[in-house]
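There are two complexes below, and they share chain A, which is joined by chain B in the first and by chain C in the second.
Here is the complex of A and B:
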């Protein structure tokens, strides 16, 4: 079996290397059949990689411990679902997942756009280049198919990875990371072929949006995993690997806005190329951080020797991208200029500057400790206050801009028109701010500002829908519901985008509520003793021990009352994993429907002797569930924004068909 | 141990045939030149882009005016230049469209 896996990887390597070499030569010398042959090689690389992946999955399912990878990441007692998820639990499997998704995406992107021959001809070798690197790593540096005599049992899986979220969180992130290769390949293809019109943007629009959505969902799933599994009471710790996923997401968010300016005004062509290259480079950097073990992180499950290879490849891609953009600068001149600093395109520009500034400050926070260690040999860390400062400095204005942007007209807006459109959101924000201040929410200025700005944005979004529906009714004479439905259906990108904005508002409210206004208490309790936290009374009753399939579980019984009435019984505790020789915190949470918040309990210390003190940590986190609800709204808005538009498809087909009749 | 290698060999042969297909399946007489848009086609695409941008801008302006984001004065000041730009792009495209229609009508029709 392992031999089949190795052979499939070698075949995939040969095919993608051929796509790179033959594809480059064909595009350069304008050889049609050779270009088609290179495309076919890229298409064939997917089934070859899929075969290698199936071999690994079978080995994991059978716990075939002759595979070193299987022995290192599973054990006989590990449940089947987690054994299968070990595919992406280790470095070699993660690289294979990268290649599997990349060859799948590449095959689909090339097949769907096969009629845009001159662009695809150059995109194929770029996709081939990236795939060749990963196939090389898997075939020759870090193979999941290394075999050895089977040990009696495997090393098992890190306890924190034994969580249902691990079945979805890493694949989602990888679908996002890898998805950014497609817009990058077509952008570089456009530069190489000198086709710098909007064609590459049209081809990659949905790919970019899909990759961005997957990255967003992946991060939310990761945040929820951290919240329920890591057991420290938070969902985002500014961990370097968490940041690694956030940075490309921010860069793509900037790109999704600035690309609209290129489409509508023919401006920012260089900037868009830079953003696409930056997002792709950051996705490679994120994979490097996750898998190299170069940083201390909750995600550093393995140390490995692949760091040097990755750094070298990232350097090659950065030099290639910068050189290509520089060489093609004459083709990337803007057709028009910014007419006014008070216009929709200007607000997009401000949003881009803030997003990129936030992205780069986070990058510096991630890179600084690594550089400090490498250059001076000193261990430095960049902690929460640094990131919180920049999140407040750049994030709060970004939140406000999200409400301002849609209210400002394209090209230029007069003060009178601005006053008219701003009045309702401004009043909503003012009323909210004053009311919250009166209710005592002034204890946190960033929290108060986040709520006030959120009120502005929410009012602006509602106003956009209402005014748009009114305008449509006036023109088409339709009823309210039909006018609303047609408004969204005919302008999917715009209104899908507004729904995503609504999700971000929910996220901001949830983050502000659960961080700026949370209550934390910790107390040692003996059976029968109670503690008070934010209106709840928690009474510790005692401990129970149970034997689970792969762990010994200790659980406390904690009764929760409020105003004398029983609310729920919680069971925080710890799991002891004998195979992995690790202990994990198992938190217990009560979701309060009144304020969409959580009563979050952690067993900080479990008594070693019966009747000893039990250290209970309790966090009351208002509105935290809005963060997870925002995920559903985010997906809904993204799907609306990416849904194909038949009218636009026909227009584009007419525009880009060679020799098409236009009138 | 033999069957995995046999499967791998079969896959490799299949992949080679698939990759070589463009050379095996086409007669020699078909041109091997990869299509590249000529200067005229590039110019057409540029004009189509200009036209689409101007028409989209007009549509946006109308919508922004109806929803109150653009005042009457701003609307009057902007609508004229945008209409002119759209008309210019359409006029520049018209001879190309005529030529394309001509090419189609001159082409042999199926019996």
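Here is the complex of A and C:
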């Protein structure tokens, strides 16, 4: 079995290395048949990698402990689902997942666009280059198929990873990270083949959008996992590993906006190249961060030798990208100039600068410990206040821009027209702001600003939908619902985008509510005693112990009342895992439908002897459920924006490639 | 225009780093001596662990994660204790050195879980 896995990986390495070498030579010398053969090698690398993956999955399912990887990450008592998820629970498996997704994506992207020959001829070796690195790591440096005499039982899985979210969170993130390779490869392909028109953007728009959506969903799943599983009542802690996923997401958000300017107005060509390279570089850097242990993190990874390889590869890719963009600068001249600082293009530009500024300040925070160690000889780190400061400084204007942008005309907007379009959202924002101030929400200025801006954006989005629907009704004579549905269906990219904006507004409201206006209290309770938090009364009744499949569970019984009437009974507690020799907090949460908030209870300390004090920590987090709801709307909007549009494709095909279909 | 905006962003940044003093130092137990003010201390827990984190404070010693330094720093901590906290575990905690004891700020103790991604036994 292990030999089969190793052979499949070697084969995959050979195929992608061939795609890199033969593909580059063929594209350079314009050898059509050699280019095709390189392309086929890249396509064949996917089944080879899939075979290696299947071998690992079978070994995990059978708990074949002769595989070191299986012995280190599973145990006989571990349920099957979690045993299979151990595929991405460790370093070697994660690298294999990277390569599996990369070769899958590469095969699909190359095959769908095989008619765009010049672009694909160069995209193949670029994809081959990235795949070669990962295949090399897997085949020669960090193989998941190392065997050893089987121990009696495996080391098991960290208890906090034994959660359904961990089945989905890492693959989602990887689908996002790896997906960024496709737009990068086509962008570099465009530069190498000197076809620097907008075609690479058109080809990869959906790839970028899909990668961005996966990355967003992956992060939300991770945040929700941290929230329900880790047991500290938060969902984001500015940890380097969390930032590692946020940074490329921010860069791609900027990219998705700035490519629209290039498509419409032929500007920002260099900037887009830089952004796509930045996003790809950050996705590599993110993988490096989570694997190298170079930065101190809660997630803490023991130092591993693959760090150096990764750093080297990132350096190669950065030098390659920068050099290539520099060499092709003459081809990337803008067709037009910015006409006015008050125009749609200008607001997109501001949004880009803010997003990139936020992204780079986070990057600075992440690498600060390394840099200060190198410069001052002392490791210094920045924490929450640093990140919060920049989230407020750059994030709040970004939120407001999201409402302003869509209302401003392209090219040049007159102040009078602006006044007219802004009046409704501005009034909505002012009324909201004053009302919240009167209700005592002034306790947090960033929170109040976030809510006021959110009202502005929400009103602007509703206004856009109403205007569009009215126009359709007037022109086509349709009913309200039909006009609305047709409006979205005919302009999927635009209105899908607005729906994503609405999701971001919900996210902002949820984050502001649950962080700026949360209440935290902790108290020692004996059976029968109660505590009061934000209108709730919690009464501790006692403890119960139960034996679960692979853990010993202790649960408290806590009755919750509000205004004298019973609301719910919560059971916070702890699990003790004997195989892994660890305990884990098992929080208990009540979702309050009145304010979409949570009553979050943590068993902070369980009494060691009966009758001792039970330390109960309670967090009341208003509106926190909007964050998770926003995730669904985010996906909905993205899917609408991504959905294939026959009309659009015919138009683009005619524009960029007469006589062929652009996928 | 672009240059101006970037410059503005950089200015904000510099103002911030000037105001905030550029981060909290991260210290290992062997290099703690002489550090006044707020620091993060990173180390491995040495027993015995005594006291009560919800009462007068949890007490334990901290040693360097790497190297063979004999330095042991006594820690006094109150607040939530993470599940993974135990002797031998690597932790990070924020606080100040007072009369030879490192007095931690409440609820700043973070444990690190070395087994999550790359197991210590891995020889790859």
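We take it that the second predicted complex is superposed on the first by the 643 of 663 C-alpha atoms of A that agree within 3 Å, B and C clash if a C-alpha of one lies under 4 Å from a C-alpha of the other, contacts with A are read in each partner's own complex, and residues count from 1 in each chain.
Heads up, the rule we're going with is that a residue touches a chain if its C-beta (ideal position, glycine included) is under 8 Å from a C-beta of that chain, and two chains touch if they have at least 3 such contacts.
Being a predicted model, the structure only gives us computed values, none of them experimental.
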With the two complexes overlaid on their shared chain, look at chain A and say whether chain B and chain C clash or fit. fit
Could you say whether A:143 touches chain B, chain C, both of them, or neither, answering first, second, both or neither? second
With both complexes overlaid on chain A, does A:198 touch chain B (first), chain C (second), both or neither? first
Quick check on the superposed pair: does A:379 touch chain B, chain C, both, or neither? Answer first, second, both or neither. second
Per the contact definition in the header, classify A:11: touching chain B only (first), chain C only (second), both, or neither. first
Counting only touches as set out at the top, which of chain B and chain C does A:605 meet: first, second, both, neither? second
First, second, both or neither for A:471, with chain B first and chain C second: first
Superposed on chain A, how close does chain B come to chain C by Cα atoms? Whole Å, please. 23
Spell out the residues on chain A that touch chain B in their complex, using ranges where they run on. 1, 3-4, 7-8, 11, 15, 18, 26-27, 30-37, 40-41, 43-44, 47-48, 51, 117-118, 121, 195, 197-199, 263-266, 335, 407-414, 416-417, 420-421, 464, 467-468, 470-471, 474-475, 651, 655-656, 658-663
Counting only contacts in the complex, chain C reaches chain A at residues 1-2, 5-6, 9, 12-13, 16, 20, 22-27, 40, 42, 53-54, 80-81, 83-84, 90, 92, 110, 112-122, 124
Flag every residue of chain A that touches chain C in the complex, lowest number first. 68, 72-73, 90-92, 94, 141-143, 146, 155, 158, 161, 231-232, 290-291, 293, 296-302, 304-306, 338, 341, 349-350, 353, 357, 361, 364, 368-369, 372, 378-383, 385-386, 389-390, 393-394, 522, 524, 574, 582-585, 602, 604-605, 613, 615, 617
Interfacial residue positions of chain B with respect to chain A in the complex: 1, 4-5, 7-8, 11-12, 15, 18-23, 26, 31-37, 41, 44-46, 48-53, 56-57, 60-61, 63-64, 66-71, 73-74, 78, 90, 93-94, 96-97, 100-101, 103-104
